[in-house]
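Input: structures, listed below.
One chain, subunit A, appears in both complexes that follow, with subunit B as partner in the first and subunit C in the second.
Let's look at the complex of A and B:
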């Protein structure tokens, strides 16, 4: 799994790549929680380079969303596509999260 | 491709090796795109279930068999844990809001959605979950049943 974070004017953009599965989800959770613990509360996750997600990955995203909601933060997802989008739709996650067509649109929607 | 079997210790870190084995079988068979994605997802969900629940009293094994049968790719995952049919669990609620959503049961739900069929049997003290994935073949309608 690839995990890269960069700070933009509107929030933190996290680029995920490769596989978010039962092996890699703990690392994802650890790294994003470090950012939240450091005070960041507005996040865009860019899925363009993520090839694969399982229920373990979905669980990690749900944990992030609940953590940010409890802290009054925001979370949006950009470029959810292909098989990952199919998993989102089949699990009902597509309607539970804010999905945007691009990172630019997601950053603009953070308020 | 006829049939190929690998055995792994039922630990989550072995998912990467198991995925490599099944992906190679899928490539050899000619399963690609979303069908291959769904196959690897079903493998993970079934394998991780075995790692989490099949052997509460100690280490155990997961046996993975890939078989080509006509246009069907058949994935069997077996364990020697206590009798357990994951298909007997209720379907998860996929409509709740963020704070009330349960993730338990989502793995089996995704297996059902991505596979063309899934079945469970208990055989010689083994739990065997069988998942079938058919290759999309344009214009080759072999059944008119919905």
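Let's look at the complex of A and C:
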């Protein structure tokens, strides 16, 4: 799994690539924890380069959401498409989270 | 009932049967499977003396049928054959197709022959077609008449040579249903077939023929689930299966994925099917993680080339339990994905093991 983070327009954009599955989810959670513990609270996760997600990955995203809620932070998802989008829909995630068409739109929506 | 020893058959220079030895006991249903051209039909035709073997012996109830003095016609009455191409008499009605042999060969009075034949036609579901002619029937109906015609002579054994190979898929099941019923009623049968699921269900023993002999034989479970010899395995695997036994929760998901991808590539499964299958396997392995701490998990993935459908079978030992019962799961995420990916889920207890069969939803 690729995990890259950059600061942009007052938030943090996390770019995920590859797979977010039972094998890589622990590493994802560790990295996100680090960022949140470092003080960041407004996140956009960019899914454009993510090829695969399973329920393990979804749970990692839920953990992210809880972490940020506890800190009064915000979380938006950008470029959720293809197979990843399909899994979001299968699991009802599509209605649970804010999905944006692009990182720019997501950043703009972060208040 | 039938004992065959070292049967051989050549056509000119071509040796079709090299050395076939076997026994069929009364009440048994034997399926004969194998690649085309390996002598399966030739073997049946030798039993029925439609072909004269080049060597070896065939005994029916202790009588050597290859002895010149043997009354072949009488043997053929004991042992009747159903052919791939039905072979009904086109100029006779359905009823007459059934009555002709009992009347002419057994001297049965016409009325008795007709009444018995009508009963047989009802047995195969065609009582109302008695007055029709073969060309008015569908393939499946013709084959059912052919089976009824066989039964009219009260044979001790029925030989079926690819009884459904010439039928279109929609009519195959009606003929298999009739054959299953005969099996249930205790009819001794030897069936050459490509219908593997049927062979598995209905047979006492399965013979895999290759290289001009019975290459491997065993129970359906032995031949279809655990073929031991190389060619049997290669044949069986063309129509199914990817088998893995996982013994610990520390399985290598990516290694498993690679093997499943190789299986999908081998069978040229569509990309969407492959993706759905991989996701399903990961989700199910997560469901089974607690069970893997206690014992092994046997996974079988079956691909049916005929239906282009994929089925996965998950088996564990232990107390009766359906792992997909939602009160056993930490949350609904995995289950909702599994439910979206599959269009049927069957849990049952088989031989003291929990078996879950999931059918992948076709795109």
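Here, the second predicted complex is superposed on the first by the 111 of 111 C-alpha atoms of A that agree within 3 Å, B and C clash if a C-alpha of one lies under 4 Å from a C-alpha of the other, contacts with A are read in each partner's own complex, and residues count from 1 in each chain.
In this text, a residue touches a chain if its C-beta (ideal position, glycine included) is under 8 Å from a C-beta of that chain, and two chains touch if they have at least 3 such contacts.
This is a predicted model, so every value here is computed, not measured.
Based on the superposed arrangement around subunit A, label subunit B with subunit C as either clash or fit.
Verdict on subunit A: clash between subunit B and subunit C.
For the three-chain arrangement built by superposition, which of subunit B and subunit C touches the greater number of subunit A residues?
Answer, by number of touched residues of subunit A: B.
In the superposed arrangement, which partner chain does A:18 touch: subunit B (first), subunit C (second), both, or neither?
Neither partner.
Tell me the contact category for A:69 with respect to subunit B and subunit C: first, second, both or neither.
So A:69 only meets subunit B here.
Per the contact definition in the header, classify A:55: touching subunit B only (first), subunit C only (second), both, or neither.
It touches subunit B and subunit C both.
Once the shared chain is lined up, is A:87 touching subunit B (first), subunit C (second), both, or neither of them?
A:87 sits against subunit B and subunit C alike.
Quick check on my understanding: which residues of subunit A belong to both its subunit B contact set and its subunit C contact set?
Common to the two interfaces on subunit A: residues 21-23, 52, 54-56, 58-59, 83, 87, 90-92.
Using the touch definition from the top, list the residues of subunit C that touch subunit A in their complex.
253-254, 275, 278-279, 282-283, 285-286, 331-334, 336-337, 339-341
Spell out the part of subunit B that touches subunit A in their complex, as residue ranges.
Listed in rising order, the residues are 12-13, 15-16, 34, 37-38, 40-41, 44-45, 48, 94-95, 97-99, 101, 103, 106-107, 109-110, 113-114.
Considering only the defined contacts, which subunit A positions touch subunit C in the complex?
Residues in contact with subunit C: 21-23, 52, 54-56, 58-59, 83, 87, 90-92.
Can you tell me which positions in subunit A touch subunit B when the two form their complex?
On the subunit A side, the touching residues are 21-23, 52, 54-56, 58-59, 62, 65-66, 69, 82-83, 86-87, 90-92, 95-96.
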